[in-house]
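Note that subunit A is present in both complexes that follow, paired respectively with subunit B and with subunit C.
This part shows the complex of A and B:
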């Protein structure tokens, strides 16, 4: 290696890095595997979907599954755009409110001193460990009592309560140096300013991670639509996709192909959001503002 | 006069604090804590859903004894789960530390690799994982015929060989669970000032020593954070044997919701126990 001055790592490609490239590439292949699988399954013709032993890659790709899916979509009364609109609205609302609410709470829990602080955080951490499926029925009863059945709020509110968000964000805010916040107070900043202009930019990787996770839960789950919404026009895309695949699953052979096409369509927004956001994660990775 | 204005300022600041936490506390109480408390009541009773509402008859600890002693499925699912926790979680942590060490290098195309290794985040929380697993894509096929694998299987005592083989069998699943953890470790490692490395290298530290004396102590709080995250992630996964069992019990006429609630609470204490173990390993701060 040539002389590097005060640096340890070389700035450009160096032969000594080859081993890292090899390891990372080999492991990287496994990371893209599921995505390739989703794409290739969606284009599989019927006989390949049920081939035994199952094949990973598609041999004779067709658009059959998509054609059948659109036939089913057209025969249902409500236009597809309606479901997609509902999904986008509820997911976006959910992501934004969840990030803001969680970081506000996490900021207070991390940086302020008050009596019930530790107790609150411990209850939150314990709530992490409780089986989400088991609270479904009491949660339904609450939604019913609050009169939220068949409202947009029922799609968002029950999902907002994600203890894992507060947990993750709080751990990151703990690492923000107190002196940074104090110096901001000295300069006359209030808590809103400190949180939104100082703390949140520093913990951006955590916030984006939480945002991606929140989007995932909201976009992929058909549960709120199937539990709390009776009106078909208010249901989400994820529900619609799971409904048409189960409705046809009386005819499982038919349903399998449609399901694979549907899961590809359902998956695309995930990857789009990911590509948009991951850049933010990686570029703003932890600069502390203080040396 | 001075006192009054001071007091005012103080209580105003407190109100701002309350304003910050209020939305979260309200949501948490209504949608998480209250349902949780309700399940405690359910777990001690037989729950029937009728048209006019929910009927609850008090049953003492019958549900709990049913889950622990009578139900054969829970008994089968529990050891499976424990194996998963004690092999899987440490392996996820080790893998994610290794990956973040690799990605912390100043490689060409580093941002591409980082994006690639964060990718499992969107896969593991989606519905595809189950399909992949049933297809056998989550395990390395044909691994059993490798000489190394056979050697470990045949000639090393079982209590050592079992975890090693478990890692081989689940290598890909372990990788898929490392997304968030790798990211967290990576952002922790980025916080280490470069000059600390330089100073210790001048003093003659090897990279092995750098790892154990500088990197590990710095990321230690994050090891604890990640261990909790992984435990929760694995325990709450829809593929988890106990979760499947609890879900089935909810809609089973013989078992019912009371049984499911009791099973959930027992499960909760098991998870709590594993978290406590990891607290004693990584969580305690040195004074």
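This part shows the complex of A and C:
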């Protein structure tokens, strides 16, 4: 039997890996318990939420909390489906637009030659450190000046420029051989054709990763709704979620079932998309290095 | 692989068109806000009257008169940043490394478990943590400690200054295994196995030496990316204290971080100039940390 222990990425189980399994399992339990708790609580009936001593796992699962969630929203005059529709629309717009504009910018920064190219890429790398929350106030002033308050655009535009997306895509386009692009030029293709028909299919894993990041950014954040939108009918589910958790916080035990149901609805799309795409994501991240 | 750039003659008109959408959005929503924050930081601006130039007054006030900032916000931010930043980062690297040592199926499952907390949104999770650390006997931690007879009466976890900060650190660490962690994992998995074999022939004797001489040098670029992500994560998750306690300021300022202080002045007191000065200091702090990380991980070529 060949010794596998010192090898990274082993092909099969070996007893020398046992210590890693133990450490990872202990930490894994700590990491996963809160997630299991949300799922369990979301399905708890009222008497189990009030049970003393508190029980971690649900005994008789019901959809009561989900129903109450719909009722709470209904009573405010706007159906839950409206918030979810707004979230889906803004997230989809965000994903599609962000992938296209990031790819175009990354393609130019990777394959074209001009004087300010390196400077522009460095500015983008510097902007990886950008913390939107730190400049909330100036951003608000800009949105207001542009007349975007209470528009659908305010949900998407401020989030669209994601330096990390351009960064990741550029690292991938760098790997695409120039000869391929040159031969396309010879056949009379223009840059749009080259990018959309030749480069983008090759860098699919990177595009998938970037799409996931864009989706999470848009789907999870309540910020645009809470800062730039006054009209309740135009707000997103993430905002509604944060509003409901603040509203019920005075009554934690009763509200926790509803809040858990809402967090579950918010969380599920994220995890489903990641599970489907996880192989591509980890492969892409291997090229994320900053040199 | 450093590639030769493609001949300039071909359809250069496309370059500005393709760069423009991202460029414009970048300028409008990233560059200009930072610029405005810097300019506003030299003014007094209460959103009603137009900004009034006051020179360095805001900065002087922050560094000499703002007792809350000097006594609570700054020490809190430093403690929080060190625990969540470097400690969290080392944890991410070690976890990624440990994950690379086990077979693929098990690794996929563990990676999902470690990554999924970072996909939950902060507000949603605050509700869950509030129940777990609830101050009455219904709280899980209190219930557990009571039933084991370790404490006699429930502890007010979230309202006690001595616990709040530590809870904030645990909660933030829990959700910190994000794309930086995945980057390091991807990087470690991508190392050429022959490097390890060669290293053992050259006299590397154990795992520790293996990490120092092979793993870290090979994944330096990914570690740099991970470090930037860790720094950003550290400074942008400041809202957690307010979410856990439902109050800004947090009890006796025990969980007050830079971002809460900015919100306190910006959105509660409407002193935008002062808030902008705090924002500028925060961005400067992030920049300094990233430069430091760059020094540590810069590839020597």
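Going forward, the second predicted complex is superposed on the first by the 209 of 291 C-alpha atoms of A that agree within 3 Å, B and C clash if a C-alpha of one lies under 4 Å from a C-alpha of the other, contacts with A are read in each partner's own complex, and residues count from 1 in each chain.
Operating definition for what follows: contacts are C-beta pairs under 8 Å (C-beta built on N, C-alpha and C of every residue); 3 or more make two chains touch, one makes a residue touch a chain.
If you're wondering where the values come from, they're calculated on a predicted model, not measured in any experiment.
Look at A:178: by the touch rule set out above, it reaches subunit C but stays clear of subunit B. Judged by the touch definition given at the top, the superposed model places A:236 against neither subunit B nor subunit C. In the superposed pair of complexes, A:217 makes contact with subunit B only, with no contact to subunit C.
Of the two partner chains, both subunit B and subunit C are touched by A:104.
By the touch criterion stated above, A:40 is placed in contact with neither subunit B nor subunit C.
When both complexes are overlaid on chain A, the residue A:91 reaches neither subunit B nor subunit C. In the superposition on chain A, contact is made by A:205 with subunit B only, not with subunit C.
Residue contacts after overlaying the shared chain place A:65 against neither subunit B nor subunit C. Across the superposed pair, subunit B and subunit C both touch subunit A at residues 6-13, 17, 20-21, 23-24, 27-28, 30-32, 34-35, 37-38, 41, 54, 56, 101-102, 104-105, 107-109, 112, 114, 124, 126-139, 141-142, 146, 157-158, 160-161, 163-164, 166, 174-175, 190-192, 195, 213, 216, 220, 263, 267, 270-271, 274-275, 278, 281-283, 285-286, 288, 291.
Those residues of subunit A whose C-beta lies close enough to touch subunit C in the complex are 6-13, 17, 20-21, 23-24, 27-28, 30-32, 34-35, 37-38, 41, 52-54, 56, 101-102, 104-105, 107-109, 111-114, 124, 126-139, 141-142, 146, 157-158, 160-161, 163-164, 166, 174-175, 177-178, 181-182, 185, 190-192, 195, 213, 216, 220-222, 238, 241-242, 245-246, 249, 252-253, 255-256, 259-260, 262-263, 266-267, 270-271, 274-275, 278, 281-291. Against subunit A, in their complex, subunit B makes its touches with residues 13-14, 16-17, 20-21, 23-25, 27-28, 30-36, 38-39, 42, 49, 54, 99, 102-103, 105-108, 111, 113-123, 125-129, 131-132, 135-137, 172, 175-176, 180, 183-184, 186-188, 190-191, 193-194, 197-198, 201, 221-222, 225, 228-229, 231-232, 235-236, 243, 246-247, 250, 257, 260-261, 264, 267-268, 271-272, 275.
Those residues of subunit A whose C-beta lies close enough to touch subunit B in the complex are 6-13, 17, 20-21, 23-24, 27-28, 30-35, 37-38, 41, 54, 56, 101-102, 104-105, 107-109, 112, 114, 120, 123-139, 141-142, 146, 157-158, 160-161, 163-164, 166-168, 171, 174-175, 190-192, 195, 205-206, 209, 212-213, 216-217, 220, 263, 267, 270-271, 274-275, 278-279, 281-283, 285-286, 288, 291.
Residues of subunit C touching subunit A in their complex: 1, 3-8, 10-12, 14-15, 18-19, 21-23, 25-26, 28-30, 32-37, 40, 95, 98-104, 106, 108, 110-117, 119-121, 123-132, 134, 137-140, 143, 147, 174, 177, 179, 182-183, 185-191, 193, 196, 200, 207, 210, 215, 219-222, 224-225, 228-229, 231-232, 235-236, 238-239, 246, 259, 262-263, 266, 272, 275-276, 279, 282-283, 286-287, 290, 297, 299.
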